[in-house]
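Per-chain residue numbering starts at 1, and chain names A, B, C and D are given in the order in which the chains are listed.
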Amino acid sequence: MAKKTNTEDYLRMYRQMVRIRAFEDNANQLYLSAKMPGLTHMYSGQEAVAVGICDALEATDKITSTHRGHGHCVAKGAEFKQMFCELLGKEEGYCRGKGGSMHIADQENGNLGANAIVGGSMGIATGAALSAKLAKTGDVAVCFFGDGATAQGLWYEVMNMAALWHLPVIYACENNGYSEYTRTDEIAAGSLTARAEAFGIEAHKVDGQDVLAVNELTERLIARARKGEGPFFLELATYRYHGHHVGDINREYYRSKDEESEWKENRDPILNFGVWLTGEGIVSEEELAEIRAGIRADAEAAVAYALEAAYPDVSEVDMHVYAPNDAA
Amino acid sequence: MREITLSKAVNEAIAEEMRRDPTTFLIGEDVAEAGTPFKVLSGLVEEFGTERVIDTPIAEPGFMGIAVGAALTGSRPIVDLMFGDFIFLIMDQLCNQAAKACYMSGGKLNVPLVLRTNLGATRRSAAQHSQSLHALVAHIPGLKVALPSSAYEAKGLMKTAIRDNNPVVIFEDKLMYQEKALVPEEEFLIPFGEANVKREGTDITLIGTSSMVQVAEAAAEQLASEGISAEVIDPRTIVPLDEATLLESVRKTSRAIVIDEGHQSFGTTAEIASRLNEKAFYHLDAPVLRMGAMDVPVPFSPALEDITVPTAEGVADNARKLCAGEMIHAA
Amino acid sequence: MREITLSKAVNEAIAEEMRRDPTTFLIGEDVAEAGTPFKVLSGLVEEFGTERVIDTPIAEPGFMGIAVGAALTGSRPIVDLMFGDFIFLIMDQLCNQAAKACYMSGGKLNVPLVLRTNLGATRRSAAQHSQSLHALVAHIPGLKVALPSSAYEAKGLMKTAIRDNNPVVIFEDKLMYQEKALVPEEEFLIPFGEANVKREGTDITLIGTSSMVQVAEAAAEQLASEGISAEVIDPRTIVPLDEATLLESVRKTSRAIVIDEGHQSFGTTAEIASRLNEKAFYHLDAPVLRMGAMDVPVPFSPALEDITVPTAEGVADNARKLCAGEMIHAA
Amino acid sequence: MAKKTNTEDYLRMYRQMVRIRAFEDNANQLYLSAKMPGLTHMYSGQEAVAVGICDALEATDKITSTHRGHGHCVAKGAEFKQMFCELLGKEEGYCRGKGGSMHIADQENGNLGANAIVGGSMGIATGAALSAKLAKTGDVAVCFFGDGATAQGLWYEVMNMAALWHLPVIYACENNGYSEYTRTDEIAAGSLTARAEAFGIEAHKVDGQDVLAVNELTERLIARARKGEGPFFLELATYRYHGHHVGDINREYYRSKDEESEWKENRDPILNFGVWLTGEGIVSEEELAEIRAGIRADAEAAVAYALEAAYPDVSEVDMHVYAPNDAA
């Protein structure tokens, strides 16, 4: 693994990965105990991607997220309480309960929102990069999407423009091997990196389970993107531990238990990073265990809070259809 | 007759038609082994193979375009669009290409294609997975639009759609997939453009589409117990629309409510109400009332979502007022 | 006041607002040096440079998505969509993304974006370059829809659209680009949701949108010479819709015709007629009559195209019948 | 230039190119004399592409065409009379006057139609190839489109599926250097052939002014496509002599007269093929002149016929919205 400069950097990334895992375990539990409305898509297993990338970003940098978006949201700086409130449709949620899991947005931290249209945010991220370029803010935008989303034509349209206009955007494809119940090689011809390269876009493949590798590469590319050397494409090899969504329990018809345990046991981003941190003598396993316990407790407290929190008043139903205009 | 779910009814209809006509095939995301997320198509790939039950990448405009091309060249594709909300992605292929090919070619080309998708809120799926967008499609000449309201209807309308020589869009109600109804074992088809009078009545006509047929029926039941006799009609297809049956009813009852799960403004209720007002005006004792979904994106929160859609209580309430001669809108 | 073309009026409105607000920019195909195929934007790139007048590849979903992202992050894009018919290509970005971002985020995000495009047939451009698709957009909550009917209207509505904090779709009438009207030199804006009573009358209300305002006015002129006094109203925006002004007129005249160039079925005329029927029912002497474009794809042949769109003669004819108490539809 | 086997093959291609040129010159004249309703897009200059490709096809093979579609239509076997009637909105037109220039279809010769949506037929051609594969007809489909159309996301969506499913489709990109009033390099990042190759699709560049080169390559690829070795991508370098449409007269702000004359004088597909044919001794210049004169006369006769022909009866206006269904 590549090196960060100090312990706090390492621990921040470790903490954020654990926070994502803790969030998802609680969300899954809410579903299993029938306390959550609707379905949701777990990010567990992919934590090193969101954390490795978002740790390289400033709060004013923008990201766009997906249906599998809790990880991006946490990594970009969101709080458990407002996130659980949103998942439960409560007024204190990030979107006052109107968005739910698939539409969490946290614009104060630069998260322009999850999206329930696969690929739907590819233009949005590219447009955020255009804004940054026009206003000369120096911000970059990262567009997260899955391997399945590479089939959407929108991606090619916006890559073309991003390349022509040298926009500061990074297309980050989390290749977790599946889109829903289908293996990636059944729905993607040729090579994903070659698709970006065909537009003159520099493309990289990286191990999405290695948070330091992801982070180090992203930092380099972000710095270059800020100087106008973008856009870039990243293909991150990763894996989702749960089913496509929380209700996808019997999945042996499309992937084996062996494959799942191979990833969970040997390629877990949190476990492996912990081993590395202790191996390097940066932190002890006791300290890590304490971090994990603290975060678990936080998450449980946030869940308890959210379960008790109030729903929005019914009068909110027709609010926010339109943003107000300033008085003339 | 046996009771089967709507899901099973659709599955049977497609299987029967695929057996009947070797030029039919299914195309869409996760339609084969997975049988769709709603499991509606389970088992079909085992019978018809992956040549005729075709899993696609997540590329709705692409596979819709491919289906149009296949339909122009001797195939009869059945396109599976996982959520009705994704229809926005394929509008060009559906409305600029499929809908117009027959007309633009002076009748030389035609596009025998079925687009099956769904509608309906209250599933806690939020704004991009809950829309009922049939009115958009109905506005475009060249398309037909079917809205099955039960397992029985779903089977009969699907079979008719597959045999139609034109592009037909069928919107199934996602909340109904597991609901059962009596469906004959023998083959049957339900013709397009023939409304179904679900319940006869004399005081008011309740016209409901898709998910709202049950709402209308529940309201009628409630009203009956209060001495108000409501006629309930399911148009089944909104293009073509069986104006005659609707008009006949309204001329008899002199009052009507149109109930639909699409947004009210510029929606299905507007068209049906307009036709009734235009053509039964002198028989009406009160304005035709529209009850569509609220003009708001569908909210996620259960506390908000449920109030965006018409309910049996709301319909009964309005019917009561109309029958009592009360004015519903300040006029 | 001087007379300028609609094309020039749009150009001025955009130039003024771009001068006023440095976060505005134009994006679309051939908007820069070419100034669009209709030459509406000529000269803007010279003043604002290629950074703010951005030529794109032929990728409508792509640049629409980019505009949505830019609007979410502090810019105020004006998107140029060359033909209204291409709106089918961008429906997902417009209706699933732009329209819903504010609501889905509980008001935290908003999308200050203008989509300028056009409508109108009778230009011999055939089925894919002649549609009037504003009703589709009007059905989706979160979008506003403006339909300018002259150079004056185009300027005032465009300026208001650019300052609006929400996605606004403006449909210009392609046939009107070279038509002149009096437009003040001084700055002015036309607020949304305020209909314009173009002509006062007492016998019948003619509500026309966009291209159909002139048709309604010509009909009114003809009717006046026959002793029938027609009021002509231009709603200007159909979302928001100035129901109050329309209702007031209809309560006075007791008769109305709604005229629009979109397909009649499931279109704009249905919504306006429904609201009038609902809320002015007891003042009406006759059903509100709808006159939309025929429910056919727009044919190329001049011999066919012209009869698909309402004409002044057709409107006058129907108005005469309504005023004489004749029934237009067999009822 | 590569060789065909006999004189008739050569002359057929020569004739078809001349027929296209004659058609366009007459169509342009109809516009200039205000006898044609609406606008139209001239194919002149690009004849070797349509003819080189279509000559390699059987009548049952399918093509999809574009807004600049007269060339494809003629090359695939259409007759002048019905084409001019269509351009003038007459009942005897290929589409009974309902389609016009931008929607001419001639399904008897396998032309599934021009399309006024740039890129709009990419799915249609791919679907025709799917039909052919499912019904095992052995037919192939050729999708014609311009360089500008490569910006449409739809292309990438259907290329992916065509590649995954080995469909017998050829994507033929006529790169005439411009889309409307914009140079191709301003709107296309990277490389067009690389974009197809990224999906695992074999791609070729060919001189679109050399009818024999186009024809020879197409014949090889078509044969392979029929065997299931498709899809293929062809980028054909060519040039349009006229403006973007007949009304685009003053075009020096986007391309120079010098550039235009360079192509017209030195790279004209008909002139050059004529020189080669006579140089090889296959035919004399007199014979060629006779062919040209005969075709010009045919075209003028067809125009005269079309000008006199009847418009469709107004009762046709609401016919053909729906295809009839067989009685149950």
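Basically, contacts are C-beta pairs under 8 Å (C-beta built on N, C-alpha and C of every residue); 3 or more make two chains touch, one makes a residue touch a chain.
All figures in this text were calculated on a predicted structure; none of them were measured in a lab.
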Between C-D and B-D, the pair with more C-beta contacts: B-D
Centroid-based (C-alpha) most distant chain relative to subunit A: D
Between subunit B and subunit D, centroid-to-centroid distance (C-alpha), Å: 41
Separation of subunit A from subunit D, taking each centre as the mean of its C-alpha atoms, in whole Å: 46
Intercentroid distance (Cα basis), subunit D paired with subunit C, Å: 36
Separation of subunit B from subunit C, taking each centre as the mean of its C-alpha atoms, in whole Å: 29
Of all residues in subunit B, the ones touching two or more other chains: 56-57, 59, 61-62, 85-86, 89, 92, 96, 103-104, 126-128, 141-142, 295-297, 299-300
Of all residues in subunit A, the ones touching two or more other chains: 95-99, 103, 115, 117, 120, 151-154, 157, 160, 164, 186-188, 321
Residues of subunit D defined as touching subunit B within the complex: 62, 64, 93-99, 103, 105, 107, 112-113, 115, 117, 120-132, 134-135, 141, 153-154, 157-158, 160-161, 164-165, 319-326, 328
In the complex with subunit D, residue positions of subunit B that touch it: 23, 25, 51-52, 54, 56-57, 59, 61-75, 77, 92-93, 96-97, 101-110, 112, 141-142, 144, 163-166, 189, 191
Subunit C - residues contacting subunit D, complex: 29-30, 33-34, 37, 55-59, 61-62, 85-86, 89, 123-129, 294-297, 299-304, 307-308
Subunit A residues touching subunit B - in the complex, by the definition given at the top: 37-39, 89-90, 95-103, 115-120, 148-149, 151-153, 179-182, 186-188, 253-254, 311-312, 314, 316-318, 321
Complex contact set, residues of subunit D against subunit A: 151-157, 159-160, 163-164, 186-191, 194-195, 197-201
